[in-house]
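What follows is a pair of complexes built around chain A, which joins chain B in one and chain C in the other.
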Partner chain A sequence: MEVNITKQSKEVVVCLIGRMDTPAAQEVAPQLEALEEDARGTIVLDCKDLTYISSSGLRIFLTLRKAAAEKGGKIIVRSINDEIRSVFMMTGFLNLFEIE
Partner chain B sequence: MLLIAVAALTLEATSLLQNYFTREGLKEEAQARASGQLEATRLQIVDATHQAEAAVRNTIWIARWCLNYLDSLPLVASRLVEDNPTVMGSTVALVPNYSRRRPLYAPYAYRLADTIAMKSLATQEYNYPTQPWFTRPLELDRGFWSEPYLDTGGGDIVMTTYSIPIKDLHGKQAAVLTADISLKWLAELIGSSQVYPNSLEVVVSRDGRVLISNPDGDITIKTLDEVAAIVDDTPSFARLVAEMRADHSGSIQIEDDGKLNHVFYAPVEQTGWSMAIVVPDDEIYGSMRRVRLIERLLQLLGLGMLIMILRITAKNQMKYHKMNEKKERMESELRIGRDIQMSMIPNTFPPFPERDEIDLAACLIPAKEVGGDLYDFFIRDNKLFFCIGDVSGKGVPASLVMAVTRSLFRSISAHEKSPQRIVTMMNEAMAEMNENNMFVTFFLGILDLETGHMRYCNAGHNPPLILSDRLRTLDVVPNLPLGVICQMAFQEQETDMLYNDTLLLYTDGLNEAVNSKDEEFTMERVEAAFQKHCSANEHLETMKEAVSSFVGNAPQSDDLTMLFIHYMNDTQPYASERHLILHNDIQQIPQLASFVETIAAEMKIEQNMAMGLNLALEEAVTNVILYAYPPGSDGLVDIEAIMRKGQLDFIITDSGVPFDPTQKPEVDITASLDERPIGGLGIHLVRQLMDSVSYRREDGKNILTLIKMI
Partner chain C sequence: MERHLDAHCQAILQEFQDHLPQFEKEAAEAYEKLKRTLDDAGLRVAAIEYRIKTEDSLAGKLELKGSKYKSLADITDIIGLRVITFYIDDVDKVSSAVDRLFTIDWTNTIDKRKLHEIDSFGYMSLHYICSQGDFSYRFEIQIRTVLQHAWANISHDTGYKSGVEVPKEYLRNLNRLAGMLELADEQFSSIRSELADYKRRVKALVASGNLDDVPLDGDSYRSFLDLKPFDALNRRIAAVNQAEIQEVSLIPYFEIFKWLGMESLGDISRLIKDYSDAAFQFACYQIGLTDLDIISSSLGPQDLCIAYIMKNGGGKAGIRFMLDSLSGPSQSNEMMAGMMAEQAADLPFMNQKESTDGK
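Here is the complex of A and B:
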């Protein structure tokens, strides 16, 4: 999978592209965990092109979410597809994240 | 006076006569000694060269296989060196441009101190395709012994190289396999066998290099010209050289330094060498001159000579006796080997008279020697486990390997049900103990008698034929034979047998059966005799008849083994199965995804549910991959999918530490952010996505069953 991070003045936009299965999540984890430093502000996780996510990916989402809560920042999950939405529902993530 | 004269004359005449006869006797004795010694040395040389040739020939087979796996050629060479103490170095050199990827390729393994080092011979300065060891065997199309040479690289050892052409599976010359043999044994041999204190033994090679034994047990090499230059009697020497080159045996007298020498010579088969013993005349007749005047002593000497001759004769007889004994013992060993071999394989047919759904017929007809073919089968858990194999090489060693193969098959498949795992474990066991470069081509299948589903794994064996609505060759990944390389990853395949299908497994003794015109039976003839549906036994008899009428009176060249399996379960398969085996490597997860997608497509499962299945499987399998086995160790995960109407089961099996994921507490998805733990989502998702999740521990394995109603 691919991760594109664009830092703008107000927010950091993270485009997640492709399948986020366990090996992919392990590969991109360092890049995403580094975003904890930006967790004071707003981080947008753009999931327009994210086709699949497994629990290792969800873990990274949750870690970021916790860091943001601690530092007073905000995580926005943008444009998830129906399949991922149902995964979010099953895991209670719909209640934990702000979904656009 | 007259009396004295007559007496003296008589005495002189007697003395002369006695002298003459003694001389003749001594000459005969010397000849007997020399020829006995020549024969003994010759036999030892032939024996040693046979050993070296056998080592190389045993490797041809695997080298031929490895032509498809060029990266494993260095391993073949180093293995040959490692396993044969007299082999100093070895290479498998490819015919130029045989491989497009590697136009020139000759990995060379050689002894360096106590280890085996590798280097490439495909260098510009060496230019291996021009070397005689490479060109000659290809021209001759058979094995070739090089001239002895002094190897200056490895500590001045006299060496000779045996090289043999390798043909690929299409019969095209592909490479040359070589073994550099140290001739130290030869030095020891000719150094230790002096018939007379000052006799000299020499070996002359095909191109006229003379190997001379020194008293210190070493050998020096001289050219014939160098030797000719120091020999006085040039014409006799030339005659000797001509005789030796013509592979004759006999004796000749040569004068050198004013002294007469007797040279006895004989050829050494295989190598193209000839050997000779040089005995100074003094050694034979010197003693006689001193006793010439003392006739009594002459008689004593005659007596001594008689004893000598008797001893030599006795010695020779003992040698023959020993050889006969050895031969008899070997013959009885062969007989015992054959009996054991025959008693190991199932030989009662029909083997399962109580079963309607399966019928088998088989035969194993060994050629003259005991052979290395095998077949075996048994039923466990309503599944027919069956196999066929062909051990490389012949004789008692092959039959022993066959016995080992058969018992490994039995013991491993008693508790394993994946052909890939059984074959992998057999390979590990055999590769580890394989010190003689013996290999086994092997095919293993497991037929579910209820569903007709067959899982199989091939290890370099001929692909079986299957007679269904038409005759086809079973789609088979070749893989490598058993015992070649540790850690070989074998690929498993699967197919479904339908009602009335017949499977034919065979060894190459069938398609390569040879008639008196040296023609092979060929697969075309095999297929022609395997067209009509009938019982397994009728199939067997038809094929046997076809082969024997083709072969006629020609002697059987190889073991002939066939196994027919006739499947006759007419109930529709109620389920079909798919299998996937992964290593505990997280990078293999994408393979799992495509496996699940294929099944979903086959069962026409809609997109959303397919992704759910994918996710559940990934979570369950990831758990095993990451936690079942100790870090750094290799382990497997077996995933079995059973597709039924309206239901899909996944059975995930591993042999790791006991772990029941269903015992993990539920994640509270309504908990607030602060209270939400990071982990535990995986098994939660599995529970959410599947209709049933159950765990059991059985035979040291974790078995997790996931069921989804479709």
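Here is the complex of A and C:
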């Protein structure tokens, strides 16, 4: 899986590409968890090209959400596909994120 | 603006210029001290602010009444702090903090609230004259409510500093307005006390288990959540995949329960009792064949609501409404609602003939 991070003046856009299964989530975790530093502002998780998310991936999303809540920032989940939306729903996480 | 100051006033102005950095330092220190104390006491106020008198403003004051002051130390508002409270009761709480933090010059401190005469004009605040440490200049702290602050600002804007100056034809209206604001301040305090009483009564009722006697509102719902009413269902669902449960706020479900027609905490309690099996069936169907080992604590209430909606004929439209309310309207919610309605329709709870005795 691939992660592209673009820091803009008002937000950080994180493009997640591929399958975020458990090994992939572990691999990209340090990169994504480092974004906690930016959690004072807006972090956009662009999921247009994310095809799958595992529990480990959800945990990373939650870690970022927690950091944002503590620091007064926000996480926006953008363009999730129906399968991932369904995972959010099945686990009760759908209303925790601002979904665009 | 050009000022005409005599030598005495010039000297006072010079003294001010010489000590300006010290005034700035002392003002910031007093502000920090006061702010920290109010924060520590959990006293929420509308604003705490401070300012140093500008040189122009001081020169204007000296031009008008410079002979009144022997030296700069006689002018007590070079540093001015102001605390604006939401409630009139809090003015006295802030004043007790001021008493403890600073040395008060009681001779010059004025509680203008006590100066009211029956026919007096205005709506005033508490003005303390204080000093701190070995700083030789006194400063002023004003404490007033938001409404007193509005009055002070607006009446200042009229250009009349006292009732004496106000043309008679306007005096009556200003007095009426002042009275109304005083009354509003008292009412706000009184409403706050009544609400605090209500919350205590609700907590007691919830704790005693008389849930049918407790109307469903924001406060009672919060007290109800303290009992962890959805924990058993969440644990049961989590056990399916040995999942961990992430605690999240269940406040968003308040509106959903209201929408479902729940009127008391007893109604929600019955919903949990009567629909937990159905919610569990639905959750099992959704996550049982996945390896998802994390759920949020809102999954229990979410699936309870879905089961209730489906069992009571709300169908896809009902689930769609719920999803829109929880996560904002979206076209995807239509698809999700359709999918969930289809999944639920085939589950045993939908086909059980006996009716539940829930609402």
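In the analysis below, the second predicted complex is superposed on the first by the 100 of 100 C-alpha atoms of A that agree within 3 Å, B and C clash if a C-alpha of one lies under 4 Å from a C-alpha of the other, contacts with A are read in each partner's own complex, and residues count from 1 in each chain.
Convention: a contact is a pair of C-beta atoms (placed from the backbone, for glycine too) under 8 Å apart; a residue touches a chain by one contact, two chains touch by 3 or more.
All figures in this text were calculated on a predicted structure; none of them were measured in a lab.
**Q** Taking chain A as the common reference for superposition, should the pair chain B and chain C be classed as clashing or as fitting?
**A** Superposition result for chain B and chain C: clash.
**Q** Of the partners chain B and chain C, which touch A:T91 in the superposed model: first, second, both, neither?
**A** Both partners, chain B and chain C.
**Q** Considering only the touch criterion stated at the top, classify A:E83 as touching first (chain B), second (chain C), both, or neither.
**A** It touches chain B, and chain C stays clear.
**Q** Figure out whether A:A34 sits in contact with chain B (first) or chain C (second), or with both, or with neither.
**A** Touch partners of A:A34: none, neither chain B nor chain C.
**Q** Quick one: is A:I99 in contact with chain B, with chain C, with both, or with neither? Answer first, second, both or neither.
**A** After superposing on A, A:I99 lies in contact with chain C but is clear of chain B.
**Q** Return first, second, both or neither, reflecting whether A:Q26 touches chain B, chain C, both chains, or no partner chain.
**A** first
**Q** Mind telling me which of the two, chain B or chain C, contacts the most residues of chain A?
**A** B
**Q** Figure out whether A:Y52 sits in contact with chain B (first) or chain C (second), or with both, or with neither.
**A** A:Y52 sits against chain B, while chain C stays out of touch.
**Q** Looking at A:L62, would you say it contacts chain B, chain C, both, or neither? Reply first, second, both or neither.
**A** After superposing on A, A:L62 lies in contact with both chain B and chain C.
**Q** Please pick the stretch of chain C from 235-243, 253-261 or 271-279 that overlaps chain B when the two structures are superposed.
**A** Clashes with chain B appear only in stretch 235-243.
**Q** Across the two complexes, what residues of chain A are contacted by chain B and by chain C?
**A** 54-55, 58-59, 62, 82, 86-87, 90-92, 95-96
**Q** Under the touch definition given earlier, write down the residues of chain A that touch chain B in their complex.
**A** On the chain A side, the touching residues are 19, 21-23, 26, 52, 54-56, 58-59, 62-63, 65-66, 69, 82-83, 86-87, 90-92, 95-96.
**Q** Under the stated contact criterion, what part of chain A meets chain C in this complex?
**A** These residues of chain A touch chain C: 54-55, 58-59, 62, 82, 85-87, 89-96, 98-99.
**Q** Can you check the complex and tell me which residues of chain B touch chain A?
**A** 586-587, 589-590, 593, 607-608, 611-612, 614-615, 618-619, 622, 667, 669-671, 673-674, 676, 678-679, 681-682, 684-685, 688-689
**Q** For chain C, which residues are in contact with chain A within the complex?
**A** Going through chain C, the ones touching chain A are 243, 246, 248, 252, 283, 286-287, 290-300, 302, 323, 326-328, 330, 332, 335-336, 339-340.
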